[in-house]
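Letters A, B, C and D mark the chains as written, and numbering starts fresh at 1 in each.
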Amino acid sequence: MLAVRDLHAYYGKSHILQGVNLEVRAGEIVSLLGRNGVGRSTTCKAIMGLVEPIGEVLWKGKSIAGLRADVIAHAGIGYVPEDRQIFPTLTVRQNLELGQKRAGRFGRWTFDDMFALFPHLRERQHNVAGVLSGGEQQMLTMGRTLMGDPELVIIDEPTEGLAPMLVIQVGRFLDEIAHRGVSILLVEQKLTIALKISHRVYVMGHGRIVFEGTPADLAANEAVRKENLEV
Amino acid sequence: MSAPALHLSDVQKNFGPTPVILGVSLDVSAGSRHAIIGPNGAGKTTLFNLISGRFPVTTGRIELHGQRIDGLPPHEINRRGLSRSFQVTSIFPRMTVFENIRCGLLWSRGYRYSFWHLLGGQRALNDAAARLLADVNLEARRDVPAGLLSYAEQRALEIGITIAGGADTVLLDEPTAGMSRSEADHAVALIRRITAGKTLVMVEHDMSVVFDLADVVTVLVYGQVIASGPPAEIRANRAVQDAYLGVPAAGSGVGIA
Amino acid sequence: MEVLLVSLLNGLVYGMLLFMLASGLTLIFSMMGVLNFAHASMYMLGAYFAYSVSRVIGFWPALVVAPALCGALGALIEMYALRRVHKNGHIAELLFTVGLAFIIEKAVQMAWGLLPVPYRVPAALDRALFHVYGSNFHAYRGFMLLISVLMFFAIWLLLTRTRIGLVIQAALTHPEMVGALGHNVPRVFTIVFAGGSVLAGLAGVIGGNYLVTEPSMAATMGPIVFVVVVFGGLGSLAGCFVASLIMGLVQTFAVVLDVSLADLLARLGVTVASTNPLAEVLTIPLPRVGALLPYLMLILVLLIKPRGLMGTRDT
Amino acid sequence: MSESAVRTATRPLAAEGAAGLLRREWPWLAALTFAVIVPWFFFDWTTGRHSGFIVSVLSQIGIMIIFALSYNMLMGQAGLLSFGHAVLLGLGGYVTAHVVTAAKGGAFPLPLELTPLVGGLGGFGFAIVLGYFATKQRATAFAMITLGIGELITSCALMFQTFFGGEGGVSTNRMTGHSLFGLGYGPPIQVYYLIVAWTAVSVAAMLLLTRTPLGRMANACRDNFERAQFVGYDPRMVRFVQFALSGFFAGIAGALYTLTYEIVTYDTVAAPMSANALLMTYIGGVGVFAGPVVGAVLVVLLQSWVSLLSNSWLVYAGVLFILMVTFAPGGLAGLVMMHQPIWRAGRLGRLAGPYLRLLGPVLLVLVGFVLAVELCSFLTIGTAQGKTLTLSRITIDPHGGPPWIVAGLLLAAGGLWLRHAMRGLATAWQAVTEEIKTPELRA
């Protein structure tokens, strides 16, 4: 469904992505792991058109490299940013509304689905999003992206800064949407979730993919974990 | 026993409604190498920002060699001998690498706000800067604007600027992040050599670097210190492993290296 | 006593006019992140368009046509020029608007001449609405108040109750995320810029004949609108509303109260000798100092609260 | 101006000194000699006097060079955008006017050659007072405070008589009779050479300032004021001292303004003068030290030449601004610098062809545009002032059809041809930059 070939990206003059290749097939959950600063978030932004991509990005066979973010979103890709970016001046419900591509058009997910997945948000739906706690903000940003009914969701470090109990809830969320046929490209720091739910795993070294395989292959491969992953 | 280099008593910090640092008390003895580890988002960088004066403390006290520094602006704290590096590289992109290092030296060499010294002629200053440049292995990039350096070179420059001022207490925030194994080894050797006899506080993810360098390790999780002590003791500590991995992973068998 | 009431009303009218101008500027600032120096030029164009259009098809149609023309012009400028300059950074965008203000000022002189243009209040409103303590309150001022209050609610409703309003609010703080959710952010930017121009144009239409319509009206009004926007707090509509009213009242009362510092000191028993070097400063009456007050207030507020009364962002 | 000075310092200074200075600073020395000899090209041997217009334009260029460079001490060096820099120029001018009048009255024998120093100190003093408030903030808040100060001082200048002389301003007479070299400073040419001397001194001083700790830390605070804090510097103090020094040089420019025109009015502190500083500095190039000098020369020449022929200088200035901002944000000096890697790689010749092909369409568009602007201006303002549009003695009637059609055609044809030539230039530029992928860029 999503194929990235020889993707490069620059921030000013520094060469962040040096030829990234990865794939996500329909209904698959793929994790992208690696240290801070190796370019995982940049990869997400390049696919999403938020950073200028140099190279090939194919979505269902059609090239989307360099298109505007909203065009890519309409093609069916959802993006959950690492820093959550909830709209502080709008209420929780209004944030969710903005997730929908067209007013009132519900895809796979309705408000009730969201509130079922995240009961916390139901009580807080009329509060201004700016007062939510870290965990609640993470739930909201994931819910908001789902409201746009994407076929593939790119999620950048959903468990960052969350208490252990919330990490479990994120895990449950990922299972749920996988069952509803949404493919996931998960960028994650903690190996626990990534290894548990992913079909395939990529490990990123210095702006490049240094490992591809199943979670079991990674667990067995001491060298790759030592060099590129910290616990 | 002289006052500890750094003394934190019940330091708290909230950003709006969300508490980030929930009462941290910590002592860093002078001359020791102290590592702070913990999962992403545990508040490590926030703690550095409180100590270095970048953010004001909500409640609690911070003392440097017995003198209270919480509430002082960052440049005051730096002048008292505390220097820090940043997790997100923070250098002077449009100035050359040599000038970046030299900026780090200016205050400590007493130049203050002088507009009468011509830097070209300050031989001692320039030699010191040149030596530092060699230390961080950036001689080849001397006249290149810092913005053009590769990620790892910028991290090395960041360390160079931080230690240039000759501060006796050095805070390094993930100095080896994004570096390859060889680059990290070189950085560790440099840090060891440069901070000899000084107090080092370091935030680091790479466990091999931590256990190689640190003589005291503090584990910070979700804004609280859950353990502090010599590396061996921390490695064996069950609570640390659980907290670190989030949920004890069933069957994945991946523990602390 | 009646002087107080009348000046209060006049202050309110002037304040609301300032708000219509400043509200467009605040919205554009929170979107562009930089102050639009050509905003007062749109106000001037609104007045001139109204003058020309009302001569052909009357004042009431002009009330709609003139702001529409300004809006169209604003949209064109944003789409074909400003968007290209965006990538060169904030200062480039700001200087673009400075260049634009130069051109519009000269173009107006070329099109309508150097002298003020006889743009009059329409006959229907050119009478006293009601008497208060002997002096009458002009009907046109009532009309201006009505329009600006309607405009205030229109903006408030649009921004808080409609979908496009939510998208605008979100795009003001997180444009990239709004794009990633599938909304065409560049189009939103054009709408906001054009909307701001419509507001400025409308302020020109109803302010042009109340004040004077001349080529230098942009240069006189520009700095005051900046003061209001910054004083109220960059990027905050509520702050802008409060600041506009305060500025309107201060300007009106300054003209009315004929008192100088020397008089105040005299009341405290201190007489100011004419030889005293500061004599001139102390004896100057308030009405003549009126022009200084906005800038004094701006500098004071920026020193105490750099983000202005209710500002959310300072750069 | 990279740090090659360091290498020369290590070798024995005496032998190296003169040659090194010459080798490194030859452009400045060439400019100085040019400034000294250029009035003599316009010397009317019969009357034994220089052409008044030329000397006044040259004097203005000298003053504006100092003013623009002092402005760039804030904008280019310290990243501070000020909308009220004219205040420092004007206040320096007012102070000088009062001091010169007092000196003429015999209060104290101040040689005229030193009055710019007095103006500088005046500017410095006011910059300290105003700077104390303004530099408390940075970025937009700083810009707004300077805008406020600019408007405040302008209103004061119009209102108060004693210091500002109200609407009429303060006039003075430069022939105070006191001079170090016994010059009367009656003829403007003598004042011109005084300006050349002070411009040379000021440019050298400001250039050296960029190589002092304060100058470097001003750049550091521009790039990353937070990091500057963590190497021991208080960014507010750096901004404050830089602002005060910038006020000193603006004061010198103000003093020379007073000596040249012998009158100081409110428009030396008003917004148009501040906008002028912004225009000159930005068009010249903010990132390069010499940028504002280029900008000052260009803008003063354009302004004085255009205002002779037409009264729509504002449109041309506006269009120039918009073109620079859209296509060359780095200014003229920025454009030149962009060619440096190509020049160093010896491939500049490849670009000569496309640039020449560009000349034709640019001229066409220029003529078309000027014609259109002048036609509009003479349509309304011209008739009001009774002037007619004459182009090399042919009077053109703005009301008739043909001139408009000609202007339209020129613009359309020129525009299309220009677009084509620009595309040619772009591809050539792409090819050349590709070839010389300099090592630094390859990570």
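Note that a residue touches a chain if its C-beta (ideal position, glycine included) is under 8 Å from a C-beta of that chain, and two chains touch if they have at least 3 such contacts.
Computed from a prediction, not measured in an experiment: that's the story for all the values here.
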Steps needed, at minimum, to go from chain B to chain C via contacts: 2
Quick check: more C-beta contact pairs in A-C or C-D? C-D
Whole-Å separation of chain centres (CA-atom averages), chain A against chain C: 44
Need the CA-centroid distance for the pair chain A / chain B, whole Å please. 30
CA centre of chain A versus CA centre of chain D: separation in Å? 51
Quick check: what residues of chain B touch more than one other chain, meaning two or more? 93, 148, 150
Which positions in chain A are in touch with at least two other chains? 13-15
Note: chain D residues in touch with at least two other chains are 441, 443
Contacting residues of chain B [partner chain D, same complex]: 52, 54, 73-75, 78-79, 83-84, 86, 90-96, 98-99, 102-104, 106-108, 111-121, 123, 126, 143-144, 148, 150, 161-162, 164-165
Interfacial residue positions of chain C with respect to chain A in the complex: 163, 166-167, 169-170, 173-174, 176-186
Counting only contacts in the complex, chain B reaches chain A at residues 16-18, 39-42, 87, 93, 147-151, 154, 174, 177-178, 180-181, 205-208, 222, 243-247, 249-250, 252-257
Across the complex, what residues on chain D touch chain B? 2-3, 5-6, 8-10, 208-209, 211-217, 219-220, 222-224, 226-235, 237-238, 241, 245, 287, 440-441, 443
Listed in rising order, the residues of chain D that touch chain C in the complex are 81, 133, 136-141, 144-145, 147-149, 151-152, 155-156, 159-162, 271, 275, 278, 282, 312, 314-315, 317-322, 325-326, 329, 376-377, 379-381, 384
